[in-house]
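You will see two complexes here that share chain A, one where it goes with chain B and one where it goes with chain C.
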Partner chain A sequence: MAVEILKEKYTGKVNTVTIGTGDKAMTVGGATALPFHSFEGEAGNRPMIAYEILDMPPEDSPAAQKEAWDAHWGDPAQWARYCQNELSAKAVALRLVSTDPDGKNAGPEDAAETVKKVLAAIDIPLIILGCFKEAKDGQVLKAAADAARGRNCLIGKAQEENYKTIAAAAISNGHKLIAFSNLDFNLSKQINILLTQTGFNINDIVIDPTASALGYGLEYTYSVIERIRAAGLVQNDAMMQPPMLLDLASVVWKVKEVKAGEDQLPEWGNVSERGTHWEASTAVSMLTAGAEILVMSSPKAVQAVEKTLDQLMK
Partner chain B sequence: MLLIGERINVITKVQREAMKNRDPKPIQEMAVKQVKAGANMLDINIGPAEDDGPELMDWIVKTIQEVAQVPLCLDTTNLAAIKAGLKAHNNQWGRAVINSTSGETVRLNTFMPVAAEFQCDIIGLCLSGSGLPADANDRCAIAVDIMTKADEVGLPLDHIYLDPLVLMLNGNQEHAQHCIHAVEMFQTLNDPPMKSVVGLSNIANTAPASMKGILTAVFFQMLRDAGLTAAIIDTLEKDFMEVVQTRNPKMVYRSDHVEKTERVIRGEIMYAHSFLEV
Partner chain C sequence: MALTGIEIFKHLPKTNCKDCGYPTCLAFAMKLAAKQASLDACPHASEEAKAFLGAASAPPVRKVVIGAGDAAWPLGEETVLFRHEKKFVNPCAYAIKISDNDPELAAKVKQIADFKVDRVGVHYGANMVAVHDSSGDGAAFSAAVKKVADAAPRLGIILMSRDAQRIGAALSACEGKKPLIYGAAKETLDQILPVVKGKASLVLSAGDLDELSAMAEKAAGSGVEDLILDPMPGNAREALERFTIMRRLAVKKNYKPFGYPLFMNAVHEDAQVEGALATLGTMKYASVIVLGALRSWEMLGLLTSRLNIYTDPQKPMQVDQKIYEMGTVNGDSPLIVTTNFALTYFIVAGEIENSKVPTRLAVQDVEGLSVLTAWAAGKFTAGKIAEFIKESGVEKQLTRKEVILPGYVAVLSGALEDKLGGEWKVVVGPREANQIPQFLKARAKG
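The block that comes next holds the complex of A and B.
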């Protein structure tokens, strides 16, 4: 008698979200089974990796980032173009760090100017990230959304304190939205409900469940992603079916393991390689948990992850 | 169903001041109000009362029983205060209850002998020293430790109320169904069945004020259907008491809301503060 392979049946489907316009637009999501369980259902679209670019040079940076980006710091438009043309980037994520009120405190109009320049330099999809301070992001992302009108960007991150402003700006300019919650799937569902109550379409939302670096809470992020995906697929919970974005670049490059030099920790090996590996390992874990969009920094790490995806999507 | 009124509690300002100043009036008023509303026991939470625990408990037990003819549930971690309360307690309306021991060895060794000495009742909280119980089986394993200790010190098992440890739905959703299942399982641990109690309001902790009513009412009814014998509750909540009377949350809340809340408690729909709105 033939052995019958047990397969899980799912009732839900991950929403598809398209970012960008024209030939270079990218669509993520669409899975009807857990990540890479193509034997149980549709695997959906290939996850998308976006290169992080910054609107001003960082104060200090780990070796791997410095090696890759030193020549591009200070000119985000040129940097974005380099990612597109030289690295075959599928998307870029512009982080408006200069708007941080505790830093340079650049205004919304400066941010809008940067967004325009970057968009003029590329035709791949753009993710626009604020400085992650709720009140300021409300102002900055509104201006950025206006400046990016018609380019179908993904903007964020919308949180409890600023979601109304950002959602309104996204709707009126035709953008998609990142809904952020701090490692809490109940709150993730809540922010999606609140967004839909403002009239925002659930199909235009991407969930950011909070990224954590390997060794710094990665397993918590993993569980939250799993729980969200299970609610969407198994319980067919419409509020938990948006694709997920993991902002790895914002967490990986802050940890000791990617920063401590060989003079301090010779037994840990080459610091640049260490950084690359750290980001790549974190990224692959997030993909197996269920991430659809990754924001990453190291080109070598991105290449390694793309190669892994080639295998996983076969 | 034993309804234990929760409103005499050191965390509320009026009661705290009254305890501090030995002012009988607010405490007696609150006691009478709760009994009139349907409480057949009153929880007396004096906090740790490190300075004057025994003296305070002695005073408050006598003060309350002057006006409220019900037994009391002595809620403190202060062992000397518990003893003083038990000495002062008038048993003519029923046995006093110690609130509580857990399954931790230290607490079992501290509180269980006192319960045996006074032959009063005791709440056994299903919490051990090794973190939260994972499921209903874990809760039962701790319950058995509690029952074993009672047997060892000579406290009859019908003096124990097993508490499955209600956690807030927001963030601990799966524990709601574990609690319901545990209440069912507790009844199989002995013949006659073990009694059970819950601190009900925990289920709605951190939920918006507008959600607390329906969450507690629906959860209460589900626990009751599972065989719950006692609950520490707010008897002054009119909507809740109507559910207690009618045994039907749909008499108070919209049917579809009750059904959705049941599904959330069973873990079939993920909790979010606004889950009723989708």
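The block that comes next holds the complex of A and C.
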């Protein structure tokens, strides 16, 4: 007896968003079915992984991070170039940590300078992330957007208190935008509605629904992503159709499981493999739920996820 | 799959005798459909009706228990496709593969049996040992199985062999252990069914879903119903696709031949890829996942993935109300309050650890809600915090009576100071936990 496969009828489609310029530009999204469900629709473009680079050396960092990036800390342009040329990165995500008002508090002009240098060093797409303090990000990302004019970057994160400034800067300089919301399906829709009300095109938005590391709320993120994707594809909710970005690097490398040495916790196993797995595993869960862009840090974890993606996109 | 009232009605006597307490058979059927009544209330229901409704009310995925006694590990009984709909029921099992002719078999089995990790107050271990008949020798296989059964009494056993005779002999070597047999293919099903019947659960393997469905019907028809299905995916996409197709048919169409737990062989030469594939299986419906070796880091990650995905979307995980001492505290160490939502606790505790500043963390029971949610729900109020702090007796251990509040509930600070009274001082901390290290370090410097 032949099994009658039950196919889901999707009415919506994940928007396609292109980042970068020239032949290194990347397009994500485009699926007309749940992630990798090519048996009942289009799988869309392959999800993209961007390497996180920082504009100043981190205060403290797990051993695996240090091992991978020590030589590049302090020179983001050279770091970005290394990712592009040596690691075959598809994209990089520059995090302007130095602008944090509670830290070094570098000004928007410094950030703009860094953005220019990084862009001069690469031709792959660039994601520009602020320090994640709403007021400061408004100023910094505006300056960064001006500095990156014409390079079709993805900038963010736009939040309730700063989205107007950032959206205006993105429009006038031709960039795409990350719309951030705090782990809540309705808030995620809300910020997209607010953005489109300013005249921002929904097709230029990427949703960041808040990343959580494995063991630290992963299930909340997982379920919010699954619900956003279902709303976009099954209910054809236009506000829930942008591709999703998960900023894993900002959450994974802070948790105890990637930091605690074997001397401390021998039963948790090799700390370097453990950290790699923690980031790769978080990534795979996010991809399964519906992520299109991942910001990651460990080259070994990226490699494992790319290999898994090779299989998933077959 | 849930039946409609009309479907149930067709099987009732249709006499409207009211003995069930409802005016008509149809009214009673509606109550049954809404699960607000039990068929027992109708004294006239036929055996056929009982059997039909019994089968229909059973979960769409059969419960299969691997192992016996301490080692019993229930699988299946799932009712939904997505975690946000309802809690996934029976956590998947991780099995470590080992060859019967591995010279280090004894040591490896001991390592698997002894393996234990504690994370956030939960004890974890591997769940099963999968013994593979690599030697091709029946006696060696049985001997290896016996060793595993004796050395790892708390773990389930998977007998990995495709040979009916070897399986039969090995089953005698682990009498009463209710192992899982891996397994039967189309060609060997007839020989293997009688061997395992009543003694073990069986994995059916076929890459073709029509074939797998037919095998499942045949096995169930012959009385072997404790089945696990292996659609033999050749890559991650096929795994996701076949698991989804099968589970969807089971859950949405009550398609019986696929109403069984699913099997995934995640073994991969690259351990990191294996970990990634096993994560995918954990998220998407696999119930038994076989790994190539015991690696502590991989187990820690997978067991955490499992813990995350098998949580109730309605009922948050909680930790106990108490004052947790982090590091070697003294009278000057800061006292921080937060809520007992497990996620909040882990994030805050993690950041305190990052700060390396010894700290007292007062975790208040608010039924597992986040700081803001608990505040909005009226469970994290000045009165309740003050009561908790006072009753804890922490006062006596402090040289300066100071308590640090989460930044999000800064509005509580005045009221809390009043309620605590005396020399108590309330300090408002930052909003986000990632600013805690900076905050604590600055405070320590004075």
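In this section, the second predicted complex is superposed on the first by the 312 of 314 C-alpha atoms of A that agree within 3 Å, B and C clash if a C-alpha of one lies under 4 Å from a C-alpha of the other, contacts with A are read in each partner's own complex, and residues count from 1 in each chain.
Note that a residue touches a chain if its C-beta (ideal position, glycine included) is under 8 Å from a C-beta of that chain, and two chains touch if they have at least 3 such contacts.
All values reported here derive from a predicted model rather than from experimental measurement.
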{"item": "Clash or fit (per the criteria above) of chain B with chain C on chain A", "value": "fit"}
{"item": "Partner chain(s) touched by A:Trp268 [first = chain B, second = chain C, both, neither]", "value": "second"}
{"item": "Partner chain(s) touched by A:Ala91 [first = chain B, second = chain C, both, neither]", "value": "neither"}
{"item": "Partner chain(s) touched by A:Asn186 [first = chain B, second = chain C, both, neither]", "value": "first"}
{"item": "Which of chain B and chain C A:Ile122 touches, first, second, both or neither", "value": "neither"}
{"item": "Touching partner for A:Gln197 - first (chain B), second (chain C), both, neither", "value": "first"}
{"item": "Partner chain(s) touched by A:Ala169 [first = chain B, second = chain C, both, neither]", "value": "neither"}
{"item": "Chain B versus chain C as contact partner of A:Val255, first or second or both or neither", "value": "second"}
{"item": "Angle at chain A between chain B and chain C, C-alpha centres, nearest 10 degrees", "value": "60"}
{"item": "Touched chain A residues, chain B compared with chain C", "value": "C"}
{"item": "Gap in Å between nearest CA atoms once chain C and chain B share a frame through chain A", "value": "6"}
{"item": "Overlap of chain C and chain B interfaces on chain A (superposed complexes)", "value": "227"}
{"item": "Contacting residues of chain B [partner chain A, same complex]", "value": "170-171, 173, 268-275, 277-278"}
{"item": "Residues of chain A defined as touching chain B within the complex", "value": "184-187, 189-190, 193-194, 196-197, 227, 231, 235, 237-240"}
{"item": "Complex interface listing, chain A residues touching chain C", "value": "1-3, 5-6, 8, 35-39, 102, 214-220, 222-223, 226-227, 230, 254-257, 259, 267-271, 273-274, 276-278, 280-281, 283-285, 288-289, 300-301, 303-305, 307-308, 311-314"}
{"item": "Of chain C, residues touching chain A in the complex", "value": "82-84, 115-120, 209-210, 213-214, 235-238, 240-241, 244-245, 248-249, 252-253, 255, 257-258, 270-273, 275-277, 279-280, 283-284, 295-302, 304-305, 307-309, 311, 313, 343, 346-347, 350-351, 353-354, 434-435, 438"}
